[in-house]
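Only one structure is covered here, and it is reproduced in the block below.
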Amino acid sequence: MFTLSEVSEHNTHDSCWVILYGKVYDVTGILNSHPGGAQAILRWGGQEATEEFDMIHPPETMKEIEQSYLGTVEPQERSITDSTTEEITEAPLSTLLNLDEIEAAATKVISKKAWGYYFSAADDKISKYLNTQAYRSIMFRPRVFVDCRTCELETNLLGHKVGLPIFVSPTAMARLGHPAGERGIAEGCRPFGGLQIIANNSSLSPEDIVENAPPTQVFGWQLYVQLNRQLSENMLARVNQLDRIKFVVLTLDAPVSGKREDDERINIQANTAASVSTQLFVGTDPSLTRADTLQWLSQHTTKPIVLKGIQTHEDAILASQYAPFVKGIVLSNHGGRSLDTAPPAVHTLLELRRHCPYVFDKVEVWVDGGIRRGTDAVKALCLGAKAVGIGRPALWGLAAGGVEGVERTLQSWFFSKLWSSVAFLTAG
Amino acid sequence: MFTLSEVSEHNTHDSCWVILYGKVYDVTGILNSHPGGAQAILRWGGQEATEEFDMIHPPETMKEIEQSYLGTVEPQERSITDSTTEEITEAPLSTLLNLDEIEAAATKVISKKAWGYYFSAADDKISKYLNTQAYRSIMFRPRVFVDCRTCELETNLLGHKVGLPIFVSPTAMARLGHPAGERGIAEGCRPFGGLQIIANNSSLSPEDIVENAPPTQVFGWQLYVQLNRQLSENMLARVNQLDRIKFVVLTLDAPVSGKREDDERINIQANTAASVSTQLFVGTDPSLTRADTLQWLSQHTTKPIVLKGIQTHEDAILASQYAPFVKGIVLSNHGGRSLDTAPPAVHTLLELRRHCPYVFDKVEVWVDGGIRRGTDAVKALCLGAKAVGIGRPALWGLAAGGVEGVERTLQSWFFSKLWSSVAFLTAG
Amino acid sequence: MFTLSEVSEHNTHDSCWVILYGKVYDVTGILNSHPGGAQAILRWGGQEATEEFDMIHPPETMKEIEQSYLGTVEPQERSITDSTTEEITEAPLSTLLNLDEIEAAATKVISKKAWGYYFSAADDKISKYLNTQAYRSIMFRPRVFVDCRTCELETNLLGHKVGLPIFVSPTAMARLGHPAGERGIAEGCRPFGGLQIIANNSSLSPEDIVENAPPTQVFGWQLYVQLNRQLSENMLARVNQLDRIKFVVLTLDAPVSGKREDDERINIQANTAASVSTQLFVGTDPSLTRADTLQWLSQHTTKPIVLKGIQTHEDAILASQYAPFVKGIVLSNHGGRSLDTAPPAVHTLLELRRHCPYVFDKVEVWVDGGIRRGTDAVKALCLGAKAVGIGRPALWGLAAGGVEGVERTLQSWFFSKLWSSVAFLTAG
Amino acid sequence: MFTLSEVSEHNTHDSCWVILYGKVYDVTGILNSHPGGAQAILRWGGQEATEEFDMIHPPETMKEIEQSYLGTVEPQERSITDSTTEEITEAPLSTLLNLDEIEAAATKVISKKAWGYYFSAADDKISKYLNTQAYRSIMFRPRVFVDCRTCELETNLLGHKVGLPIFVSPTAMARLGHPAGERGIAEGCRPFGGLQIIANNSSLSPEDIVENAPPTQVFGWQLYVQLNRQLSENMLARVNQLDRIKFVVLTLDAPVSGKREDDERINIQANTAASVSTQLFVGTDPSLTRADTLQWLSQHTTKPIVLKGIQTHEDAILASQYAPFVKGIVLSNHGGRSLDTAPPAVHTLLELRRHCPYVFDKVEVWVDGGIRRGTDAVKALCLGAKAVGIGRPALWGLAAGGVEGVERTLQSWFFSKLWSSVAFLTAG
């Protein structure tokens, strides 16, 4: 049993202790091998680090430091400084009528750090806002005398039946916003049959996330290739074992972290070592080239591949040449988080239709970024997308109300559903 | 004679009483056949429901429940919670210079529920605002040396002489805003010779609305085809008997209700069973197809048909093939209330002129949506429309000042009237 | 000598007295022949009407009622309600850097009535603001290595040398804003050699306005043809006698008054019989046609004609066919005051250049409306205009500081003057 | 030793004394030859003028008035009214994430006069803001599978190796914002290998500015040709002696001063003789023509020439005909400070690519104006520019934090650096 005072003396490269879940660990030995860098740990040296650790690391990480256990800390002395995640939203979920309202409700209850990570986008957020605006500027051409009794949302993605043509894009750090984390998102998707892509940097392990999923629930797993390839190969091996995960999504639109100023600003205010974004990108390999990467990947996965982050028709054509190993592409500018003034996915979609319509026959074309209305989704589908992804909305829903918040988010897509059948026939 | 307390116990599926106009009715027997659903009645089970009932149902509905009469309620106990419709506007109508000011004056005096129903439009109201903006972005090409002494507003619609080329579009629930209701609108139109289309969901019966109209006053009647066709056939039979009603308007742009969030939000705040929009759409048939519907309609009406809600030139061509049974079409996106980002009528009008100008020879082409200035109307007429409809403006006028408010609304169109004759010659 | 009480009894059609400059007049006999209508006088029946009369009528009007003189009113009882025109601006003129600041300074010191008349434009003021915005959206193509030592502003208009290519457009009611009136504008133009067009409804007589002008100062006179042609013929005869007036400007862009809501609103608040605009338009002939009007005009004037208000190239071509009787045209939408969404003059200018460039050889083409910067003027000149007119800016300048205010207004055009010589060569 | 009172009596054309650095000078004899005009001195006649003098004149100017020295002034009586330049920013530089924040921080600490001079642009600042907006409206076309490990910023300008393709445009009066002045900018550029163009009106002499520069640091020197050519020839002779200065930049986009109202407004408030801009332009020759000027220049400089202020492809072609004497051109609208609605440089860049791509082979094409993000710079480079200049950002950085502020400014360009390598390949 240690006192806080005793622990606090161990805050250097030579001796670095941290308190996690009421226990004291000597992490001096892993400073140099920490994927987030030594400084990210030293910032918490000699201190309570549970919250910070917990939100960022899957629980399995604890196994890696079990052998560093030193003892417990006197419980009355522990203090958790940021308890915002325990607050709950006051507005009942049923009063939230659209994604703007869900985001606003979530913003009230989450920590600044979570807000900074979720809300931020590159530079001036031009791409982030244009992503949505691009959909709003596309007008429908509604036909009349169309039987609107039934509107079938079910579709087939990469050969798997899903309940709706809307999937959850890979978004890291769900536990920053709500303790249910990515597992809560999975649970929220379940009643809708919604497909979820698990982020490489999810705050829960893929095994945990899919644990309760029925055989019919479909998942993908996102890969950021690590500089240390062995780490990625280990993860791919684990993913190979998970039946629920049907494909691997290779992220291409973020070789380095975007300049996300909201995230950086929060970080500066909190005086931490580095922003969430920066920490997540430590270890990511910015050197990927096409043939080498896909060759390597084919040796380590048993799943088909989806390439995410295609932003030009030239790259769409190149990707389609790797079919059927590559089964799909996601047109995406990473939610505007990577390179500001990168084009909205729906613009890239139009580019593909004009310059290489045959690509749609060789790979499935999905889009994400900026979709906040059922009408946005319908437009993307009318213009040729097989499915549309939502990233931040899933996080905002989770943050606003846990599993029920995710459900409310997906539910809000249905409000315009019957109209979809009308519009499907003619948009574009 | 019942006490409120006695009545209040009957609020279940097994025994449901309501108080209407000081009288108690047992409505248990009609719960299942109620077009608005059982829940819409149960919400008021055991309570005073006069105001809610009154605003939504034509008086004739009382006949259908006459046999359910149980007795009276002690008068001192009655309470009407929402008396806003009795307030009157403080600004004299003559000081209101345009429709924006009339709407603002009306907004001050009507109930939130009425405001929510009148003001709301689908999703982000993009189409609602674009409807008006589209007119503002069309520039005139005014000619000079044109004799502007007389400006003849009289025109001929479907063979009937009317005093102006502006008609009142079908708008439901006029009594939500003012007790004079649709009958007040008819009275306001009278001095101008304005044509009025009576809404399927008008809060007064068509017989009541046309009761005082001289033989020269022209009306249409709007049809939302009901799932229970017998209900629609009964109404068509009644309409056949009304000489003042010269045509039937089949609404096609709202097979299901739009997602009108202002309306929903008010509803949530008031904790009622469903929003006004939702209640109105219960029973509406979303399955209409062209040949079947027109065939059925031809068997039940003696009037010519106008198809409302055409939004593409393809559908305009198809409609014109049913001439002369179909005598006119209304280009409309339902005031932006149905599908957000549906195109403004004036854009569809331009589309018709480019792709199928011959349609104008086969059917009369009317437009509505977003018209708030005399110049807006002139532009639509210059571009080929035979008449332009105003929906919300008639409701706002009525709400702001009853019959005189409607007159003021129509009067405001005249301010630019002489100019019209100049512009008529050359716009477009 | 009358008391106010005695006078106040004479306020009917049968006996109508007014007090003007401390004297009582019986105006019963002229009620029916008053150009502004009987009601405009009856509004002041039995009351002090000096201020209202003074601002609107040239002094010579007093001669017409000399024979109606009854006596004086006890001086201590007189009251002038609105003395705002006596206030002076607090900001020295030299601190006002541009026309926006001059307008703001004027707005502070003038009466609401004057502001309403000067500021107002038709409907939503779309044309008024677009007039300026149209210039701002035209980009220069500046050339370098151009000798900018001298920038000659002098030019020749209709054969007369003027000091700058900027003229004062006809603007009525200058004394509403400042007692110096149109004569003050003339004085302010003098040091710059600026041409002034005297408004038909100027608040001083043309004889007064040109009284002190040297032979080299150039004026035009604007004609609104009156329903009572004799009135116009009388004025033309007087103008024929004035050497300083070199041409007659026939106004074509306002056959009826525009719907100027700011003006109307002020009027409603002040509870007067009619707005300034409405009063000015009483008696104006809205029936003018080309051949008849020009034929009639040629019989009554010895001066060349300029047609103001051309807004299409079709009308520019027609006007040019009357050269050389018609020596010039002014492309104008009446400062946006007449028909909202009429096109900015610079757009019409571009239309002429594209469709009928030969018109520039037959008549001089001037523009006005929205010009507020030297760069705006340079653009119009580069695009083919011979001169540009400013209307409101002259009134704002006068109102802000009398003669010096007009000078400051014209001076502000010079700030960019040397640059003009660069830009002249290449814009367009 | 004089008292302030004694000095204060000498404030006329006949006897004009000023106090500079605690010493009294009789400047009567130089009133008429002062480049800024006699009035600019008389404004300070009989007064303490140190601050005003110091910020505007290089120290060497003191030599020219050494012989006018009269004596000292009693130190306790001296007063410096404006001490704002001594304040320092409270926000640490490391918290400033972009140029907007650096500008905001600088604005807080500099004098109004400095702000007015730095911030101001011509007329309505349309070109100033469009300069930036033009970049933001250009979208990237990012390619994927590109190795982003290294991003080489080094480049070669006019044959000289520089550390980044971003140079400091010539900006006068750096000491208005910070005592380190242009020398501080040079020091801030050093660690980045950034090229700096020294302004003709720099507040330190070129000799002072380059004094500590290593042989590898590259400078240019900007020339405003003076009416008194001897003054320019003297300066060119001095520049010829400075090895660090590799080229002369002839400014062509400001033959006269723009109408910079912010600067003028501050000047009016301070009641000084003339604005900073106006003072700087006294003596500038507005008459330059191509052949004569370049012929003259070739006789007085040993350095290659860069022509700054090209705004049309016609002038770019003409400039390229003087290669290799003219080695480069800078597309520039003088930061929007000269002629409002002049085109953004990036638009001119596109014009060159369309109309005269061969120009890029004959001269180096640089751009400046409005660049505030790494992505802006990348776009200009992708579109064919060899280098991009920043003017105000260097001043704001210096003002916000001296040498470190300049470094922070340049550092902020790096944030997007790796992305550059991706984008380089495909933008445009």
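Read from first to last, the chains carry the letters A, B, C and D; within each, the first residue is number 1.
We adopt the following convention: contacts are C-beta pairs under 8 Å (C-beta built on N, C-alpha and C of every residue); 3 or more make two chains touch, one makes a residue touch a chain.
All values reported here derive from a predicted model rather than from experimental measurement.
Visitor: If more than half of the interface residue numbers appear on both sides, call it same; otherwise different. Which is it for subunit C and subunit D?
Guide: Subunit C vs subunit D: different; shared/all numbers falls short of half.
Visitor: So which chain is farthest from subunit C, going by the mean of the CA atoms in each chain?
Guide: Computed centres place A farthest from subunit C.
Visitor: Calculate how many whole Å lie between the centre of subunit B and the centre of subunit D, each centre taken as the average of the chain's C-alpha atoms.
Guide: Result: the chain centres lie 65 Å from each other.
Visitor: Between subunit C and subunit D, tell me the centre distance in angstrom, where each centre is the average of that chain's C-alpha atoms.
Guide: So the centroids are 46 Å from each other.
Visitor: Whole-Å distance, subunit A centre to subunit D centre, using C-alpha means?
Guide: 46
Visitor: By residue number and range, which residues of subunit B touch two or more other chains?
Guide: Residues of subunit B touching two or more partner chains: there are none.
Visitor: Are the chains arranged, by touching, as a line, ring, star, complete graph, or other?
Guide: Topology of the interface graph: a ring, with each chain touching two neighbours.
Visitor: By the document's touch rule, what are all the touching chain pairs in this structure?
Guide: Those chain pairs satisfying the definition are A-B, A-D, B-C, C-D.
Visitor: In the complex of these two chains, what residues of subunit D are touching subunit A?
Guide: Spelled out, the residues of subunit D in touch with subunit A are 94-95, 97-98, 136, 138-149, 373-375, 415-416, 418-419, 422-423, 426.
Visitor: Hey, which residues of subunit B end up touching subunit A in the complex?
Guide: So the residues of subunit B touching subunit A come out as 123-124, 126, 252-253, 255-256, 258-259, 261, 264-265, 268, 286-290, 293, 307, 309-312, 314-315, 318, 333, 338-343, 347.
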